[in-house]
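A single structure is presented below for examination.
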Amino acid sequence: MGTSRRSYLTGAAGSAFALTGLAGCLGGGGGSGSSTETTVTPTEDDPLVVSVFGGVFKEVLDEHLIQPFREETGIPVESQAQGGAANVLPKLESAVRGGNAPVDVADMSAIGTLRGRHSDLWMSWSDDEFDNVPKVSDDLITRASDSDEIIGVGSQAWFINLVSNTEVLADPPTSWTALWDSQYESQLGLLTPAQTSFLLDITAATHFDGEDLLSTKDGITQVFEKLAAVKPQSSLWYTNEANFEAQLKSGDAPAGMLYNDVTVVMEENGAPVTSTFVDEGSLLDSGRWVAPRTSDKRGAIVEFIDYASRPEVQDTVSRNLYTAPTVEQQHSSLDDQTFEKIVGPGLDAAIVPNYEMYIEREQFINQQWNELIIQS
Amino acid sequence: MNTRIRDAICRLALRTYVSAVLVFILLPLVTIAAMSFTPGEFLQFPPQGFSLRWYHELAASSQWMTALRNSLVVALGSAILATTIGGASAYALYRYDYRFGALLAGLTTVPTLLPPVILGVAFMTFFVSLGVVGQVSNLVVAHAVFVTPFPFVLISQGLDEVDRSYEEASRNLGASRLTTLRTITLPLVRANVFSGALFAFILSLNEYIIAWLVAGFAFKTIPIQIFTSLRYSYSPIIAAISVVFILATVAVMFGIDRLSGGIWE
Amino acid sequence: MTGIVLEGVDKWYNDDVHAVDGVSLVVEDGEFVTLVGPSGCGKTTTLRTIAGFESPTSGTVGIDGRDVTDVAPDDRNAGMVFQDFALFPHMTIAENVAYGLRVQDGHEDVDVDARVEEMLDLVELPGTADRTPEQLSGGQQQRVALARALAPRPDVLLLDEPLASLDKKLRETMQVEIKRIQQETDITTLLVTHNQTEALTMSDRIAVMNDGHLAQVGPPEEIYNDPNSRFVADFIGTANVLEGTVTRLDDGVATVDCGDHALRATADEVAGPGDDVSVVVRPERTALDATAADGGADPDVNAFEGRIELRQFMGDRVEYHVDTGERTLISVRDAESPGLDVGDPVVASAPVDDCLLVGTTDD
Amino acid sequence: MTDTTHVDADDRRAFTGSLPSPKYLVASYPVAMLVVLFGVPFCLLLVFSFYQNVEGGYFAPGFTLENYARFLTSDLYLGRTLFTFEVSVATALACLVLGYPLAYYLARLDGGFRRQAYLTTVVSTLWLTFIIRGYAWQVLLGERGIVTRALAALGLVPSGEALTPGLGALLVGMVYVFLPFMVLSLYTTIKDIDRSLEEASRNLGAGPVTTFLRVTLPLSKNGIASGTTLVFILSLGVYVLPRLLGGPSQWTLPVLIGNQVGVEGNVPFGAAISVVLVVFIAVVVGGVALIVRDSDPDPSDAEVEA
């Protein structure tokens, strides 16, 4: 592509602007110019709005993060459940373009954070605005592409592990190579779409000695060719965890890939399932606290993110959600047994997805992926 | 073969078949209803015991209640808007001749025949282009267009049955066009107007994909909330809200039926 | 002030249907005029043009001395009774009757109530105020429709086939009723009907309409006794019509060659020798006699020999169809007169004075 | 809708007077609303289908045929189009076969109450969100669902295996959702068939089957055409059921559109697929209208009954 991405964006923004002008009063002053200089203090009528993933996530974060934050700082705050990260971003993008982002802080997937960075959606901060953020693992901090400013701070991290039904499989698989093992023909539950599943990274790490291959289109094609061989083993390509959970529990799909935190909860509820940290490394995905740059509550946002990054808050959330804390291990006070259960051999042993690839080659990867999973 | 026996067999086969289809239609509803009364954590059929636990949890959940309120607001708004558009269109076409009358009728009826997802994408591009995103009114407008055919068709039917001489008599007695519309035409098609509005309401209430594409970030209607929840679990709370929705839908349908004096006859 | 004035009213539909063709008609104050004609002759369109539901292509409409051609229906003050009565089904009888007053400004409730009562008394339906239209019989609905039309004190009353949906007995009663009410209120009235009996019994004057234009306007007696065209003669009452050519004309008596007969008929100045004409004879002016009774020819009487083909007993009278070879003549006699049977040879005779010469065409 | 011979008296005044004709005033509201709120979005959909997608970002205004080229040259999308078509045809035919006897029975049922009760049952589900109905079938066809267990007990499916997601589950769900439309379409047609025609046929010695095939079926062809077309068109647009009851290999075009726009953030490509689907539907509707032009197969009429 000859034209730079940014010029496309400017064009798009320009046309949006023109139309906004046409729309007149409808836009409510759709000006999306930088408003980071002014900061408004949240009030009960206009609280700090934090959007988080739904389900158990919201329940736990409400109790162990939102509530304590309000009690300690007195800042009015309310949480909202957002849909799956993937479909939230386009809406957030349109909202920010319209100049009226509906939330002040969002718990965004790493990929979503980067997509937002491409579209220049996020507010940025310098390191010295925070006290606790420096304790967060560097891997889990996202910075602006043209400066050193922070735009996303690790909220939670979670592992995608190999999981299996202990009643059906006496000997649970421990290596990603199981996905290619005909012994598991039509038995595995696998995640879709590509940027949720990260099977490309897993394939590259398992069969191609690392991720360098994924930096070129040819390399990606090569990985896809290898990946095609997992199809016979798949009994279910799922987007809804609940779907696979039911089949895993029943033994319908006795093994597969699933979030460690979800599986641990199932296990504790008495389901015959186990979650295994994989030999080649489990896949580590994570969320970021981000703030749409159109928010006018910069002060409270910084305070909130810093509070969320406190080691003791991180530990409490981890104990309840079984997600991994995002602060470096030396700051964490989790006992070894808990740490083992939720972080396994540690953050460093994990496979970290090549997030940039999913964004730069989005269309190509999606097309290949759809052909892989849809076409029979 | 004896004709009478043959007829009897035919009739019996038909009746058996009809019963089977009715079971097929009712089974899912009955199952959901039964499961919503489970006291346990998980969906079970048959349920182990009877409890209103999940209905209490539903009522106590701010998420579900917010979604319910959103759904009702959107459905009410879009039903009203759709009824004004569909009603005006029906009235214009019934009252006057236009060279492009068929075009107006087509424009009014086509939105229901199009795949909703396409309407959703079209509205998304529309509101993004306008730079108006995340407003509740967006969804109201989108749903209104989607459901407009229903009030249009029902009110057209009603107007069709109204003898033109009622309006003429009114005009003849000195009533202006507007007074006639208000005191004669509208009262005579009132049942159709309400039926049309109720259809629009119920359709909007139950619509998912347009709502999902058009609704703002974090704005959830009940269908969106159900779909999102299904991602995480098959909680009996979904069965409970479904039962509430089924009852509401049946109640409204019953109302429509009473209003229009048996729409199926 | 003149009740209704139509001047050269023309109505075209879609440039190809000429529904009303240059109709000019004056209905005087307090007069009862009936517009009569077959279906599709344009009489209803004419009435609707007066009410304002149709707009004339050309010509003017005047009501009570005012040109209302471009006035909306609600400003014409022309009360109308519709064929199907059009009583508002969602209102009570009282609300129906009051409607015309309610939609006008400046009427006190007590006045409206008094007027409703007065009107219901007028149409002899007291005590029905709180019922709904569907609880009333057809005749009662008719009366309510009349009361409703009259309540706002219209300048003129327009009746569009008001009796068409009633059975015969009721129709006769209502003819009398409508006439009585019209006389009591002394309101200018235009009635549209296709029923000639209604026209004859109720009207001060009759306007016969055919194919969009007025064929003849005049008092009932004139229309009946002195039709100006074959159409009018045929449409109003029953008529024997004989076609032929004028061979002679003297002293207002024409001799017409009808093929098998040479008839003598009273002629208007319209006809001259060589004209194709029709001769009209009313059945009741035709005498029937047994053949043997008469031998010589009376120059003032036209006689036809024939046989009784059909005998219809009508209660007070008997109608005979006489086959005279080329045509069938209809004759009516009192029921008391001596009976004739089918097959009997007879002579049908009509005095020259009662044989009327009219043009062959409808004009 | 209006008789063409009637011309309102007010029209003339409109041309002679200075006020705008109420005729156009009345129509202007729905026309304006529909043009602005329906016509414009639809045109924008078309416009967006020529925009360029920006990877990792949004979209850029411009003109490219890339989106259409991508669709038309990809086995994936052409294959999905075929699949969507097949599923819709299968649904329409299954609804016809399953719905006809029921509609016939209801139309010929004498008792007012029983017919009312049955009809109410049939339409009771019609207005309920696809999501709840899809969810119900997910549960019923799940590995512990009673339908699954019943079928397993009959030896029709292996026991303990979920039937969802899968093609079977999708078809069951589709038929479940669209059967009421078909039944209502057929019901109104069959009800209007004069019963004495059937009796005459029986009277002439034809058996019930012959009577059905020679009399009832041909006379109800309008209902068959409109019901089948309606179900087919509505089936083409279903999004929720393939998502809830099918796996990726059961995804239809609407799901792909939803994914492009809502998940992959590729609005232009989603718009292009939408346009293709609309054209496809228009061609089908036009084709059906041509075939049964003189027998009034107005699908919107059938919808009305619904």
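Quick notes on this structure:
Every chain is named by a letter (A, B, C and D) in the order it is written, and numbering of its residues begins at 1.
We adopt the following convention: a contact is a pair of C-beta atoms (placed from the backbone, for glycine too) under 8 Å apart; a residue touches a chain by one contact, two chains touch by 3 or more.
Molecules present, by chain and UniProt name: A = ABC transporter substrate-binding protein; B = Spermidine/putrescine ABC transporter permease; C = Molybdate/tungstate import ATP-binding protein WtpC; D = ABC transporter permease.
For clarity, every value in this text was computed on a predicted model and none was experimentally measured.
Listed here as common contacts of subunit A and subunit D: B. Note on connectivity: the fewest steps through touching chains from subunit A to subunit B is 1. With centres computed from Cα atoms alone, the innermost chain of the structure is B.
Ranked by separation of Cα centres from subunit C, the top chain is A.
Among the inter-chain contacts, the highest number of C-beta pairs connects B-D.
Between the CA-based centres of subunit B and subunit D the separation comes to 15 Å, rounded to the whole angstrom.
If each chain is reduced to the centroid of its CA atoms, subunit A and subunit C end up 90 Å from each other.
Mean C-alpha position of subunit C lies 58 Å from that of subunit D. Across the assembly, subunit B contributes residues 124, 128-129, 177, 212, 230, 234 that each touch 2 or more other chains. For subunit D, the set of residues touching two or more other chains reads 4, 7-8, 10-11, 144, 261-262, 267. In subunit C, the residues that touch at least two other chains are 52-53, 72-73.
Chain contact summary for the complex, subunit A toward subunit B: residues 15-17, 19-20, 22-23, 26-28, 30, 51, 54-56, 58, 80-84, 87-88, 91-92, 94-95, 97-103, 239-242, 245-246, 269.
Taken together, the subunit B residues at the contact with subunit C in this complex read 163, 165-166, 168-177, 179, 183-184, 187-188.
Listing the residues of subunit D that touch subunit A in their complex gives 52-62, 70, 74-76, 79-80, 142-144, 160-162, 165, 247-249, 251, 256, 259, 261-267, 269.
Residues 51-53, 72-80, 82-84, 86, 88-90, 99-100, 103-104, 148-149, 152 of subunit C touch subunit B in their complex. Taken in their complex, subunit D has these residues touching subunit B: 1-2, 4, 6-8, 10-11, 22-23, 26-27, 29-31, 33-35, 37-42, 44-45, 47-48, 98, 101-102, 104-106, 116, 118-125, 127-133, 135-140, 144-147, 176, 179-180, 184, 187, 207-209, 233-234, 236-240, 244, 254, 257-258, 261-262, 267, 270-271, 274, 277-278, 281, 285, 299-300, 303-305.
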